[in-house]
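One chain, chain A, links the two complexes that follow: it is found with chain B in the first and with chain C in the second.
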Partner chain A sequence: MNSYYLINLLIYAAVDAMACLGLSQQFGVAGVTNFGFIIFQAAGGYTAAILALPADSANGAFQSYLGGWNLPFPIPWIGAAVVGGLIALPFTFLVGRRLRGDFAAVGLLVTAVLLNLLATNYRPLLNGDAGLSLIPQPLAGEYNPQSAGYQWALTAVAVAACAAVYLLVRRITESPYGRSLRAMRDNDTVADSLGKNLLSLRTTMLVVGGAIAGLSGGILISYITTWSPAAWGYAETVVLFAAVIIGGAGNHRGAILGAILVPVGFEEVTRYIPTSNSLPPNLIPSLQWVAIGLLIVSFLWVRPQGILPERKRVIRAEPLRPAATPAPAAPDSTGQAEAATASAVPRPAAPPPGEAVSPAGTLGSVSTAAAAVGGVRSADVPGTGQQAPGDREVVLQAVDVVREFGGVRAVAGVSLSVRRGTLTGLIGPNGAGKSTLLAMLAGTLPVSAGQIRYQGKDVTGLPAYRRARLGLIRTFQLASEFKKLTVMENLLSAVPRNCGDSLRGALAGPRYWRGDEEAAAARAAALLERFGLEAHASSYAGDLSGGQRRMVEIMRALMAEPLVLLLDEPMAGVHPALARKIGGELVALAAGGLTVLMVEHELAIMDEFCDPVVAMAEGAVLAQGTMSELRRRSDVVEAYLVG
Partner chain B sequence: MTVFLASVGFGLVTASVLAIAAVGFTLQFAVTDVLNLAYGAVMIAGAFLAYVLNSHGVNIWIGLVVAVAACAAGSVLLNACVYAPFQRRGAAPITMVIVSLGMTLIIEFGVQAAAGGTSVSYRMSQGPSVTADGFTLTAVQFVVIGLSLLVMAGTYTLLRYTRLGKAMRATAANRMLARNCGIRTGRVITATWAISGGLCGLAGVVFAMDAGSFDATSTDLFLVLILAATFLGGPGQAYGAMLGAVIIGLATEVSAAYITPSYKYVIAFVALLVMLGVRPTGLLGKAAG
Partner chain C sequence: MSGEHTGRGVPLRATGVTAGYGGDPVIRNVTVRAEPGEIVSLVGANGSGKSTLLKSLVGVVRVTAGTVVVGEADVTRKAPEEVARAGVGYVPQVDDVFAPLTVRENLEMGGYLLPSRQVRDRIDEVATVFPRLAAMLSRAAGKLSGGERKMLAMGRVLMLQPAVFLLDEPTANLAPAIARTLLEDNVRRLAASGASVLIVEQRARAVLAISDRTYVLAGGEVRMEGTPAELAASPAFIESFLGGTVSR
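Up next is the complex of A and B:
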């Protein structure tokens, strides 16, 4: 086989694989559908070109361009990656929380079309339609770029760069940070409510993917020595999408496979189609595009997970056990699940966390872990259990809160105070505005008017993820598990302050974050055992029954170390016996200082666990009191009957 | 002044073509929930169908009618064979957009494979033209503007006064609720694909008339204008799309008179990005909450 042919094949494979890895990280892992991906490769190509080229008066000034700094290798490649990353920043306004993913994708697609048009028509900047050519190859002064040795060395560097990119994206994806990205991909509203900063996550993905694409463009032009708008039409992005979808979105090896099958494979196959003068000139390239379109649509239909599906991440963990620490001697007020509750729920009577010495060592003492389940930040609140609910400190407050949906007032001026350590119920007929109120308290929905106060501070302007980080955690009325994460991963995704849950932490590697990860996994395992779901730890959450998914959601909220827990119909679809168990757990946690506001239709649950209970109807608070008091109020009964 | 008036004339024609296309696109999105990026490809397929008939000696206006019918039927088929099955399976909106991008390649380059890569134009007379101080419109351009006004009036009548239009609005607002109220949403959606597909074919042929010469990829950039008009008016808002089309059509052509014509799309592009970033619900929509 001709070695130049092989070199050509390998360099294209490496460059396409790098691009696909960048796209796989953005689209497959983080769910950022970047239809303008090719812009970033183009930017890298142009940057490397104008950094390496001499001033445009050279060669008789037959091409005109910006720059022309004649810089030595490897500066052009570094510049390509840096510029590829930096030009992602202007796009961040498209990928924030507010804009639908498909609209943002359309915005990026249109940007790619338009930038190509501009680059084609505006000559002074990058030589317009004709593009740049005669781009000096790396170290061309020292070595002969035409020699086989040089070409092989360039190939080796390209393949090595591709391998490095693979290791980089794998390190990011397999870290706690990568889990946050996948959680965002599966359900961004829920990730937001668990303290994930969507804008920051998506921006980082655009920058990282952009830098990878830029580098791939820089390497490509070092080989082909030309770069023009024809090389980066918007449709090239679609080819890369086809590669990632066919290879397997979310699986980086699949991205490499897809790169070899689609862009490289297509180029090679058409090489063997006999050219004939009887065929129309554009027939083969046109049919190539048709085939790519067909591949995308048919793969999405027949095998949407791709050839190599995203693999399941099984995390094994030993549950935290109170082996060496005597269980607190406080009487078990709920009378059920005695050993487990006693071990994992802090009591007013429990010894101070610092004094408990446990053999668990680096995993933290049992008491702190137990306190974490029930809200570690409430451990310094003394004796809430002894006070009557009405005397306790107000921790969460709505002041004259209004929410309008196109003229309809779903919540019409509600004021509500939730006191620390209580289990406050929220009842009312359908359409009373309960879920809307909950969403406004958590920040998922902005208020139309009014104020939300949390721990004495005005948090009305704080986005949901910032409130979540302060310990104000909500659950959702509709199923909201991260479907393509295992149950264990769902629980771990909510853990705050995991040092691997940032790009820097992810890049520092598993050795840096393993300690946090194992401690969190042990806590999650203990929680799973308490709720009896340990057998499902490694099942995809999307495969569970409705009731089990609600449990996952509650456990996930507990893993977020809440101070205040807002539960939207947590018992809906849950077996009654299990519902009572959840209620018992919540009462125990409330005794430890956790505050719960719970929307629930099952009045028996309210009777048994909630005090006080707030009744809402038609967007307003009707009454507040114990459930038995509310039953005596005719307006409340009527609202329920009429509503 | 002369240049300005001439560009306003062009702008009116572009706005008319754009309005037909954008109303179809936005209705399709509102009722069927598919952000159908293959819309531009279907347009050009209709334009080419009319061209084939025209080049065999058929009058272009007959070709136009055939293209409208064919695009209506084609869009119904496109939905029944591709989009609806994906939606029934619960595909995410973003998956639908990727599917529609795949369909764009299939249709657009299918047309190119059949027609070759060269530009073509219709054989037709432009008719007598009216000139007033630089403002020039040919008879054909008047017809295009007239057709567009007819489409606007028809859309208004459809949405406001007919059972089908009301059912379409109900389905757009809340498909589940509409179905529970006894509206046969399946039929409404099929009817919407037929109507919007017909508008798409009409837009394709008048676009090709207006452009003079066209090839299979000509609507790539026109789709940018459609999207800009749609998002300016708020996605799914028929009247918003009309307003957006007038603004974008006039803005692109008037700006083209003063800057290089190849940059005229930049205004539409900027408008689209600003709307996406600042007010994704459109000029007529509610402020983003």
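Up next is the complex of A and C:
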């Protein structure tokens, strides 16, 4: 094997691996299906070329192109990365907003085809079909680019750049920010409801992946010194996707392995296929495409997780002990809350108030533990313990809210006030509009008419993630765990103020965010212990039973430090004894200042824990009162309690 | 079910079933049976393996040991569609209706194995079981409320008049009145028409009231078995299931 061949192989491997890492970050980690990925590499290649080339007038109209600045190394490479990142911004219109993932993917694919056609056919832009050639190599004036030493140095730089990119994407992925990206990948609606700004996350991923792709393009043209539309057909994206899927989506090492196996491997293996004049000239390259297609299909069939699957991230944490850590609650709230709970809700198991800080995890210790562990934002909560529910401040309000689904009025003018520190129940027959109302309160669905007020402010126009950041947190009726995150990660994904949960924080490295992370993990571990799921902390949430997933969702909502919790049938499928325990926990949290609005069909739960209870039917509020008052109302009984 | 069940009495017998998702088995050596006309319930804590057991019976989860026999047919490790053809109807816990299709189209999908001229009649019959669905046949299933979706998932399985009925928490998202009708009326009539019914429920009292026999699962194994009366006499059972709170 001569050194030219080896250098060629190494540079292509490094460039393809970089591109695959960028795609792995976008697709494998963040779930952004960028079928236009090759555009970004192309942009980097062209940028580096026109930054390095002299003006086109200098070469006697041999080729024509924009720019031609003749700038020294490393400006072309930097420019390639910058432009690769910047051109991602317009694509935000495709991946952001309300465009579904598959539509965005098609939009990006079409854009890649359009841009390739443009570059091919409009010569003044980038020399059209023939492409750019004779691109000056880095530092060509000082060294001899033909020498073996130069070639090896360029190879070393390319491999080093690839290693740097690997470290960068790993740092992003393994941070709390990376966890938010993976949460978005698994279920974006839920991530939104937990305060993740999907538009910002996706845009950032396009920019980061675009910059990586741009840099890879810049490095590649420095070696091959030409760049033409034929080098970046939209189908090249398919090759990169094949590499990422075969290597293992979500695992960056898998992306590197895939890059070596698919683009590099295929190119090399086909060199050894004997050719003869009797074969059509394009047969081998065409068969290469067939082989790549078959490879993708067979991997999706036999081993969809790839050669190196995404690995499980096990986070170990000692549960936070309430006794060891001062509760952030107001000093007077604990005792008061305890008294209020005991008097408002007679519970046979209530321990004497003195045992409030018992580590045994009985119901009595919950209010303290809840304040410390459940993380309710109690600092700005006035003492609510001694007020009757009806006198308390209205924290969440729907005013004449309407929601139509294609002519059907699911919610037809509902006004509802939820008061601070109450457990308000919401009952009604199936199809009464309860879940729709909850979705509008949380911002998951826009209202067709009417107003949503939260803490005295009109939040009707606020998107779900902004409401979540204000402490208005919802859960979902149907299973909504992040399947490929562990139970512990599901809980941590909801933590609102982790300094590692931003690109900047992620780049600052584990030392910067470890403190926040460990504190959150300790809180999560304590919650898991209280709900009896500590043995499943490191299981994938998608592997749990239906009832356990409901509990993960409730715990995750508590980790989000809610002021108001909107629960959609939290007890459905939960074992009765556990349902009752959850009810007890919620009562204790409410005594500490949390407000809960809960849809539930289990009337025993309503009887025992909720006051007031609102009854809905056919999109309107029928009545409001205690459960026993509602039982005496013939219209409620008619609509709901008897069939 | 408006009495029109074909009356093929077919028992379901699962013997020594061990199954899981790769790794450690989730259920171990479980033996359950349901005879024609019988309502058999499965109760147990979250994660005890109830849903996994149902999934292993219908071929969704791989059985590693034991046998599953429906009537004369051994359906162990058969594909889900073959189990369906053997006469087993299964309503999963997470009811996946076809969201973009209308309610009628969903029901038509449920009647896929029927001769086309019977499909319309069956839809009418299912609609009499769930009158609420009758009123919204042309609505997209994705726009139904949670409880309505559950009814649709049930109705879709009803289309084939299965001889063996496996129900995974059918009342989980249903309003109390409908939940009661479903258990006390629909499920009972299903059994009365000759079907064998195996039902997983968290509403222990309600399901015990209609059960002929009950299995209690814990840690992936059958821990107790008996008639509701026998179980109601067991202190351990009362402690864990009928703790006096969540009734109805």
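Criterion: the second predicted complex is superposed on the first by the 582 of 643 C-alpha atoms of A that agree within 3 Å, B and C clash if a C-alpha of one lies under 4 Å from a C-alpha of the other, contacts with A are read in each partner's own complex, and residues count from 1 in each chain.
Just so it is clear, a residue touches a chain if its C-beta (ideal position, glycine included) is under 8 Å from a C-beta of that chain, and two chains touch if they have at least 3 such contacts.
The structure presented is a predicted model; accordingly, all values stated were derived computationally and were not measured.
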item: Partners on chain A (chain B, chain C) - clash or fit; value: clash
item: Contacts of A:265 with chain B and chain C, given as first, second, both or neither; value: neither
item: Partner chain(s) touched by A:74 [first = chain B, second = chain C, both, neither]; value: neither
item: Touched partner set for A:575, first chain B, second chain C, both or neither; value: second
item: Touched partner set for A:309, first chain B, second chain C, both or neither; value: neither
item: Touched partner set for A:406, first chain B, second chain C, both or neither; value: both
item: Which superposed partner A:428 touches (first chain B, second chain C, both, neither); value: second
item: Which superposed partner A:546 touches (first chain B, second chain C, both, neither); value: second
item: Contacts of A:282 with chain B and chain C, given as first, second, both or neither; value: first
item: Stretch of chain B, among 75-83, 183-191 or 219-227, that runs into chain C once the two complexes are superposed; value: 183-191
item: Doubly contacted residues of chain A, that is, touched by chain B and again by chain C; value: 406
item: In the complex, chain A residues that touch chain C; value: 405-406, 408, 410, 427-436, 477-479, 536, 543-548, 551, 568-569, 572-580, 601-605, 608, 640-643
item: Complex contacts: residues of chain B adjacent to chain A; value: 35, 37, 82, 85-86, 91, 93-99, 101-106, 108-110, 112-113, 116-117, 216, 220-221, 224, 227-228, 231, 235, 260, 262-263, 265-266, 269, 272-273, 276-277, 280, 286, 288-289
item: Residue numbers on chain A that touch chain B, as the complex places them; value: 31, 33, 35, 93-94, 98-107, 109-111, 113-114, 117-118, 120-122, 234-235, 238, 241-242, 245, 280-283, 286-290, 292-297, 300-301, 304, 406, 445-446
item: Chain C residues touching chain A - in the complex, by the definition given at the top; value: 21, 44-52, 93-94, 132, 139, 143-148, 150-151, 169, 172-181, 202-204, 240-241, 243, 245-248
